[in-house]
Each structure stands twice: as structure tokens, then as C-alpha cells.
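Note that chain A is present in both complexes that follow, paired respectively with chain B and with chain C.
Take a look at the complex of A and B:
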């Protein structure tokens, strides 16, 4: 049975060029970049060249990039680091934040920080709500660039301005703004160039790069959570995953080169799906038309059919779709928390499906998925009636 | 110029079979193991199959294995975890411990723990010294299985017995024994089966596996340092690096299947090197004959020729050797600390070379390295005379 993969927001299949880069790097540059011999220096040159490629694609300087094992570690490096070092201030984040950020709330409370969670209808954080949540003692604001479940594209310039304006008006000390940009890469135009933020997390496998590799952008070097051999300017110990890093750079190069084609393609696939799905009785489109969503994510509900049942039925026909985020799929409580925070009714939430696609998803597969959904919804509705 | 690689203790070239496994897994099992659809369940099956392979090779149950990004993260998970949760006790570790363990000393002190460092002549920790360092309030003992610079093979049964005997005699609560076993994998016979320890760290790239992947053995689940999506039974968040994990399993399978052949080969290469090097005036063999060293690591000194100079000269002739550990090579202070702790005089330390090799190192290359060393030492001694 052919696999028709519509779970790109969980993880994207790696590009053939990425796999080739990973394998070539593993074969040719296996030495430790910290070694002083010729092979080590060659490996170190590949490392720094890859860092430049990644930095250039993200719109920052190479020195601001630390390679990590992925988005979760990048988030941890910042959040756990603030724990240890910063004054006990107040922390602001959205109530629909990803588990790798939201999971730090108990720790923040433990160390005496006030935690303020913002409402997040459909995943969106409002600049006005953010402004109202800021205090003179606010030390950290956590934002996401694109919401991992709904695909909500945040108005980052307005959100960051809300923070910087507050600082200026109250002569408050600089607030650390951390951005989880994991879902933005390769999906929507993104650049750090014009964003006055302090740190940002990225993951290679979300944009067709290798697994187990990510990056942390830091405006200023932060405190390392993990000590070790002093690699990555002391930010992150451990022998560098050079094949992964080179593969990440190759993925970002490809995404940058093809971003316009991909954007057009996403809109085409999206149109096919929306046109077909929106006229199927029993399917509710959860994204509205007024807001901005990543073109590669569609959020629908097939309620009263449970997500679980529909995922299984579609899977049996070769289609891979998701209930929400893969990270929450083994813990339905986490997903419930996020869907509730997004203002989705518990009825609709019980039948939620996230359809996410990528640059190599064919129009034909999108049409076949819509048709399969139509058939299964009609069949089950008949049985439930 | 042909590369003749003698820096296997820094990182080992990945096996062709490992690279194939990584690439095949990236192509065929790209789905997120947390996803509920067919592709996700297939990926999850590969994950759990790999966990069983790794556990079997290490001599433990699959449920005790958490996959991490490498040895440094595995060490961090345990050491940082103890921070938060355990009573402020006393921590015992060797003064020649790897930076990823030793680097936690300031943190332990910060949170009010007493830190006792043991002498480590040539890297060895003595069971008697360990016994004497134990206190009723000792909460953690950190050991290494094989020392990363000298190759010292610790007497783990005696060391662990020292701890367990102390507990029994004093009716003391169980002391957490953490083992850094990164340098043991694929080099010396190693099994967790008969070791009554609480946690242990492993790294794939040290035994010809992929980079960016490691494992943590935990007798009991510990507290997670990094929250996230709840992967790895809540021990370690982040989408699993499945190609890396499958590659790690493939490497361990190969190492297990070939351990006797490799042990014989290591001894042959070692003999060639020792026979040739020990009769070269100006080369001092730093390992003694009475103690047990990993057969794949030779530690010598070419003092008064600085390590740096000899590494460069050998590198120019195609030979890759190291001054100590790669992790310390960019920070000579860390290496100095370790060499001093090992009881190596500062004169000898200034010319220290670590020659480490692997299963695919040829006898001929070993002879060529010895010959190159002889020529360079004679040349430089003439110039220095």
C-alpha cells in the first residue's frame, strides 16, 4: 500500500540531498572537530561552514548559532538557563504553548517566578493581551512563530513591539523574548533579521533536514545547561553531530532556494483540500478565513467521529494524518489542554484532525485524501445516525 | 595524501553498515514514532526494536534505556537531575573525570553539596580511596569505566562493592553510583548485567555508531532535565532521532558479534606500536605494565617536543593523533588538569600524545606511525640538542 503522508508538521521526510550530505559527511569528515590534526581541522571547517549557511538562512550571524539536538533542547537551554541565573521575575507565555515550553511552568513556579499565561484563540497571541500581561518585573516572554497545532502565524513584529514599547515607556530592564520558531522553518517566510528578540529555537527535521539536530539563536551567549567539553563556545557540550549539522544546512539551503515555489505549491494543495472538505457535511473547518495560518497546515474536526477512529480508518487506506501534535499524541491530556486553550469546544476537539503537507505532497494525493475523508465521514455518520 | 587515523578515542569512523542503516531508516521510517497512524506505528516499532538491541548489547532491560544525544547529555541528565531532587549530600568523583562530569562540580557546590575528589594516578580510582571518601550523607559517586585519556580500565566490581559494603556496614541509604561508560563500548568487554550501579552513560560515535546519539541506563527512572513531548517515558523530550538510534543498535550488534576478533586485533596493533616505540630514545611510555589499560589506547610522551608540534608534524605526514582528549584540546587548561590529576609530571605532560586505534586500523599503518614518530623525534631532538 502506498503511503500518502499528511503529517509534515510532526516531522518532514528528509530530502534526498540531505540524506546524501549526511552520509557523505559521515564518511569523509568523521573526525572530531575539536581535534587538532588535519582531519579534525577539516571537520571543524565543515562545522563552521555549515554554521554560516544556517545563520545566513535564518538571517543572523554565525556566532549567534548554537547547534543542539533539536527544538526541545533549544527551548530547554534557554528556559532552564534562566532558572539558574536570572532574578525571580515574572514569565509570560501563551496557554497554547508547545509542551517543551509549557512543561517548564512548574519549574518556574518552584523557583519563585510568577507565571502569566495568555489566552490563545486558535493559537494566536494578541499584542494587546501581551502588553497588558507585562510587569516591571517581567524577565521572560515566550512566543511561538507558527502554532504547531493550528498553524497560526503570529504577528511577531507587533508582539515584539509590544514588549519593547513597554520597556521604553516604563524604563523597564530588557525583557528576554524567546521564540519557538520550530514550525516556521520551510513553511512560512521567516527571518531573524528584523526581529528584536533574544533567543529562538529551530529544528532540522521539521523542514526536511535530519533528525536529532536543531539550533538555538542567542542574541547574547546564555548560560549553558549542559557542561562538557566546551564545544559550541561553551553553550553546549558534546562531540558535534557533524553529519546532522551539514544535513541541516543543506535542508535550509534547499528551502531558501525554493521558498517561492513551495509557497505557491502549498497554496495549491491547500485550495484543493479546502474546496473539497469545506462542502462535506460533518466536517468543520476550524481555521477562519480572516486570520493568517501556515499554508501547509489544515485543522478540521470530524466530530462526533473521534479523531482516533478517523486516524485509524485513514491509516488503513494509506493516509497518515494526525490528531494534533505528535508530541501530544501519546498523552491526550496535553492535546486537550492545547485545544481548550485555543478555544476549540470539547465536542469539536474530540474529532480534531491536523492535515499537514509539504513541498512534495502531490495535488492528486490531496484530492484522494479529501475523497477518502468524504467517504469515511459519510459511512460513519450513517452508522452513528 | 592517505589519512591514517589514530584518534579513535575522540571519535570512531562510522561502520559502512551503520551508515546504511541510518540512511535506510531516514528514507523508510521517517514518520514520528509518537504519531498514531500506520507510518508512526512502524517507526515506533523500529524504535523499540532498536532499544531491545541496545539493551541486549549492554546487558540490561529495554525499559532501562533512554536515548539521548550523546554521552555529555546522558551525564547531564543524571547530574543535573540530582541537583533538583536529592538531599544536599556529598558527591564523590575522581579528580581526572571527563569534563562532562567534572564540569558539574561548581553546580554541586552552589547547591550546597560537599564535593570530594579522589586521586586518580594514571586515571585509576582505588577502591580503598573510594571507601575512605564515603560518608553517611554521600548521595552520589561518579565513576568512569575506561579513562578517556589514559585508557585505564577501572576495577568496577571492586569499586561498586566498596560503595555497597559501606552502605551495609553503616546502614546508610543507597548511594547513587553513576558510571561514565562512554570509552568502554567496543573497546573492552562490558556488561551492565553484573554491575549493581544506578545509571550509566554511553555514546554511539565512540564505537563506530552515528554521531549525535547516546544512551542513558537508569536502574530507576530519574527526573527529567528537559521536559517536552513526553517521549522516552518522560525522561527525555524531543522527537526521537530514529536513524541515529537504529544506527547505534547496528553498531552495537556489530561490536558484540566481533568482540573477540577485535580484542585480538587490538593486542596485535598495540604490540607493534609498543615494540617499536618503547625502544625509541626520547619517547616515554606513560602506561605501566602492571595495570589494565584499554588495548586500543596508548599514552606516550615525546617531551621536550611539545604535543602541539608533534601532532602537526604527524598530521602533515597523514597521521592523526591527539594530545589528550578531543574535548579538552581546545582548552589546554582542562587537559592540564586531567594530566596533573593522573600524576603525570608537567614536563611529560607538555609532550603527551594519545594514540588510539580501532578494529579497522591496519598493522601496516601502526608500523608506519611508529616509524614516522621515530624519524620526527630524532629530527627534532637533533635540532633541540
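Take a look at the complex of A and C:
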């Protein structure tokens, strides 16, 4: 049975060029980049070269990039650093944030922060709602660039402007704006150049890089949890995962070079899926046509068929799709929380499927998935009638 | 073990304490035989030998199986406890030396400050009386370990000395579950779901000597293979108490769909329970079982009210035992923790899809009406097919 993968938003298959880079780096540059001998210096050079590549792809300076194990760690480095701040203030975030951000709410409350959660219909945060939530004591605003379940693409310039305008009008101190940009890379055009934000999280495996590696952009150094051997400018101690870092850089290089081709391809696959799925009775398209969604993520509901039943049936036919966030799939409560926050009815939420694809997904596979969905929905509706 | 106290054959010795078997009359031998057979089956790799001397059972094993033996004995129904005695010749000096060794070993494991000596002398021909042995051992231990004092009412540690054909000395008695040996109470089929209750029900009936096979109803794709694997894990855990247990997996999807199509929504769960009991009752004959065991606890859910149980009970042609019927959830959870099934039971793999669960299930069904509603669904053929398609699944030991 041929596997047809439609869960790119959970993990995108690594590129051949990335796998080669990782293997070569592991074989040739195994020395510790902190060592002072010749081989250590060579490894260090690869590390810094990779940092420059990553920074260039993201649109920032290399000195502002810290390599981490992925998005969750990057988010945690920023959010946990609030603990050390004298002025704890209040925190603003959307009610549909990823668990790695939302899970910090009890911590924020524990250290005395007021937490304001914004409504997030279909994952979108409104600049007006954000403006209204800001206070003089607001110290941190957390946003996501692309929502991990719905694929909602936030209006980042407007959201960041809302924060900076507020500061100016009220002569308030600078508010730290943190961006979870994990789902943006490889899916939508993204650059830090034009964004006046303070930190952002990235993960390599979401953009066909290796897993276990990510990056944190920070305008100013965050307070580290452990400095260890002082690596990564003291932000994140521990010997660097050099093969992963080099693989991440290779993935971003590829994505930068091919972003226009990919965008065109996503639109083609998307329209094949939308055309086929939207006329199947029993399937509800949850993304509206007026808003901006990442073209490689489709959110549908097959309710009353439970998501997990349809995932099994499709999996038996070789199609891999997910019920929402892979990070929440082991806890249905977390997913329910996100779907509810997105304004999706509990009936529709019970049958949610996230179909996400990538640059190597063929049009033919998309058509086959739509056909399989049509058959399974019809079969089950007949059985359950 | 100190070489001086290991037999020439390099074997390890265990003293086993029995519980309720002790109360048995003329049929005690039968219970003893099954208990010995169970222990030997579980520890076959260590060439077990069991000798019974009055109310004392002695198990000897090849050296090296201590961890496994501890696990097996702590799960053996019919035993209330076990200890690992030292043995020595019937000489005062040897007894004292063994007793001090026993204390030394205990002090390596935990801190003790008080002790007592309890002596039994089956061999009345031995020159020292029980009291004299206790005094001699007590004096020697106090002299050897200056921090230890005697406390006869609440000692931290009791040195037990038994004078038989040789002398046995032991300290800590490790707990075993008690009850009756597995298999002495006939054979039943346990309706095992992935929840907290049914494994506990199986454990409690196993403890009364009932041999068990487990029956699980699998409704793929409406329930996942992970749910089935979870049940297999639970069955493996129970199997460790039962000596031998099989998991029988019944394909239930067609029955479930038929009920969903034909039954009133509010009655679906009860009809599904009824169908499950009917199928298990059919399987009982095939698997030589004379009763069913369920994890029902009165009024815990809608299908476990008196009226609901009266209906589902009707589906069985053999007695249905419900050992949890009068227990509350806290007690059940406590036992699940004790037997080690709780953490597996709470894994998030549902054993019934929401598609088949009514929003407002009936709680006070009229038995006769439901029976005729069930019969009207004309599903006898489907039930027989499900029973015939049941498969035994191999359990991981």
C-alpha cells in the first residue's frame, strides 16, 4: 500500500538535500565547536555559517539567532524569562494558542501576572481586540504567525502596529512582542525584516528540515534557564546539534529559493481539494473564503463521524491526515480547548480533520484523497443511517 | 546470601505462608496441590521444589531467580506472605551466628532500633528450650549491635527462629495477596474493557480461586487498535496473577451498527451490553467456563442500575459475578493502583465510540419491554457469527 502523506503541518518530510547535509555534517564535522583545535574550529565555522544562512532566510542578523531544540523550547525560553523580570505586568495572548504557549498561563498567574486571553475566531486575532486588551502594565504579547490548526495567517503588521501605537500614545514602556512563527516557514512568505517584534520561534521539521532543531530570534538576549558551557552566547548551554543546525540551514535555503514555485503549487493542490471536497454531502469546509489561510492547510469536518474514526479509515487506505494539532492529539481536551476557542461548534469539532500538504504533494494524490474521503463518508453515512 | 547459609546445591530457600487454605478440612490437599502446581508453573525456570511440613511450605529454587521469585510469590493467590530464611545446624553457636547475619542484612536495607526474638521448637528433642534460644539470640544480638534494644510489644524487627530438622531463621515477611489458589474455584470468562473496573473485578474473582479467560469486544474502526492493545496489556497484567489466561477478541462492529440502526437511541447502550453478555455466554461453553465476571458497580453508570442489570443479566445462561457491585469508585481505584492496572486503564483510548453512546441513556428500563425490543431486532445470527469469529490473542508475558 502506498503511503500518501497529508500531515505536513505536524511534520514535513525532510528533503533529500537536508538528509545529505545532516549525514555529511555528522561524518565530517563531529568535533565540538567549542574545542580549540583545528577540527573544532572547522565545526565552529560550519555552525556560524549555518547561523548566517538561517538569519538571512529569516531576515535578521546572525547574532540574534539562538539554536534550540525546536518551537516549544524557543517559546519556553522567552516565556519563562518573564520570571526574572522585575516588572511582571500583564500578558496578552490568544485563547487558541498552541499548548507550548497556552500551557504557560498557570505559570504567569503563579508569578503574579494578569493574563488576558483574546478571542480567536478560526484562529484569527483582531488588531482591534488586541488594542483593547493592552494596559500600561502589559509586558508581553504572544502572537502566532500562522495558526497550527486552522492555518489562519495573522495580519502581523497590523497586530504589531496596534502594540507600538499603544506604546506611543500612552508613553508606555516597550511591550515585548513574541511571535510563534513555527507554522509560517515553508507555508507562507515570512520575513522578520519588516516586523518590529522582540522574539520569534521557529522549528526545522515544519519546513522539511530535521526534527529536534529550531531557532529563537531575539532582539535582546532573553534570560537563560541554564547557561551551561556558555554556548549560543550563553542563551542555551550545551554542545550544539551541528548536523541538525546545518540541516535546518539547508532546508531554509531550499525553501527561500523555491518559495514562489511552492506557493503556486499549494494553490493548485488546494483548489483540487476544495473543488472536490466542498461538493461532498457530509463534509463541511471550516475555512471561509474571505479570510487568509495558509494555502497548504485545509480544515474540514466530517461530523457526525468522529475524527479518529475517519483518520483510521483513511490510514487503512494509506492516507495520513490528522485531527488538528499533532501536539494535542494525545490529549483530546487540549484540542477541544483550541477548537472551542476558534468558535467551532462542538458538533463540528468532533469530526475535525486537518489536511496539510507540501511542495512534493502531487495533484493526483490530492484527488485520490478527496475520492477516498467521498467514499468513506458515503459508506459511513449509509451504515449509520 | 552468605555462603555459610547456602545449601550445597546452591539453591535459594523461601518459606511460604498460607492463608485460607489453612481453614480447609478434608479437601485441603486439593488446594495445596493446585497452589504448588501454580508456583512450580510460574517458576519452572529455576527448578522449583516444594516441601510441606505441617503448616509450613518450603520452596527451593536454583540460585539467581530471587527477583522473579519475589514477583511471582507476591502475586500468588493462596499465599499470605513469604520470607527468605537462613538455615543452620541445630547448634547454639550456629543459631547465634545466623541470627546476627540476619540482623546485619536487615540493617543494610533499613534503619531499626528495636527487635525481638520469636522461637518455635517443633523438635522437642533439641537441648535448648524456646525461651533459652530466644535469650541466647537476644543477648548475642544486643552485644553485636550496640544500638539495638529489645522491645517485645512493638519491635521494628522480629527474628523468627524455628527448630525443625534443621534451624530456620527469618525476619521480614513480604506480603502476598491471600485468597485461594488460582483454578481451585472453577473457570469463568471476564468481560474485560479498557477501563478501571473490569481488571479489578477479574483480580478479585481470581483471588477467590476462579481461573479466568478474558473477553474483549472490538469494534474497529469505531474503536482503535490502541484500545485493543491496551486491553491486551491489562490482560497480561492479570495473567501474572492467574498463572494462565487467554484474551478472546470478539469482532463487534456489525452487532454495534445493527443496534445503532434498529434500537431507540436511549436504549442503545443497554442493548449493546445485552448482546455482549449473550455472546460471552455463548463463548462460556466453548471455553469450558461456568460463569461470567463483569466490573459492574451498582449505579455507577446508567447501564449499572438495578433495573439495567436485571435486563442485561437475563442474557446469560450462566451465573454472572459482579465483585465490585457494592464498592465505590475510590475503593476500586485503590485496588487498581495496588494491582498495577490503573495507569494502563486511564490511557486515553476509548473502548466505545461516541457514535454509539446515547446522550440521555435510559436508567430504569422495563425488562420485559427491552427483551422484546432486543428480540425484534432479529440479531441472533449476527451474535452467533460474532462468537464464531472470536479470536484468541497472544498475551505478552
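Definition applied: the second predicted complex is superposed on the first by the 384 of 385 C-alpha atoms of A that agree within 3 Å, B and C clash if a C-alpha of one lies under 4 Å from a C-alpha of the other, contacts with A are read in each partner's own complex, and residues count from 1 in each chain.
FYI, contacts are C-beta pairs under 8 Å (C-beta built on N, C-alpha and C of every residue); 3 or more make two chains touch, one makes a residue touch a chain.
It should be emphasised that the depicted structure is a prediction, and the values quoted were computed from it without experimental measurement.
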First (chain B), second (chain C), both or neither touched by A:304: second
Contacts of A:32 with chain B and chain C, given as first, second, both or neither: first
Contacts of A:288 with chain B and chain C, given as first, second, both or neither: neither
Touching partner for A:350 - first (chain B), second (chain C), both, neither: second
First (chain B), second (chain C), both or neither touched by A:313: second
Chain C versus chain B, contacts on chain A by residue: B
First, second, both or neither for A:384, with chain B first and chain C second: second
First (chain B), second (chain C), both or neither touched by A:171: neither
Interface residues of chain A shared between complexes with chain B and chain C: 308, 312, 316, 330-331
Residue ranges of chain C in contact with chain A within the complex: 220-222, 224, 257, 260-261, 348, 353-355
Chain B residues touching chain A - in the complex, by the definition given at the top: 3, 5, 7, 10-14, 19, 22-23, 26-27, 30-32, 34-40, 68-73, 75-76, 80, 98-100, 103-104, 107, 203, 205, 210-213, 225-231, 237-244, 308, 311-312, 314-316, 318-323, 325-331, 334
Residue numbers on chain A that touch chain C, as the complex places them: 304-306, 308-309, 312-313, 316, 330-332, 350, 383-385
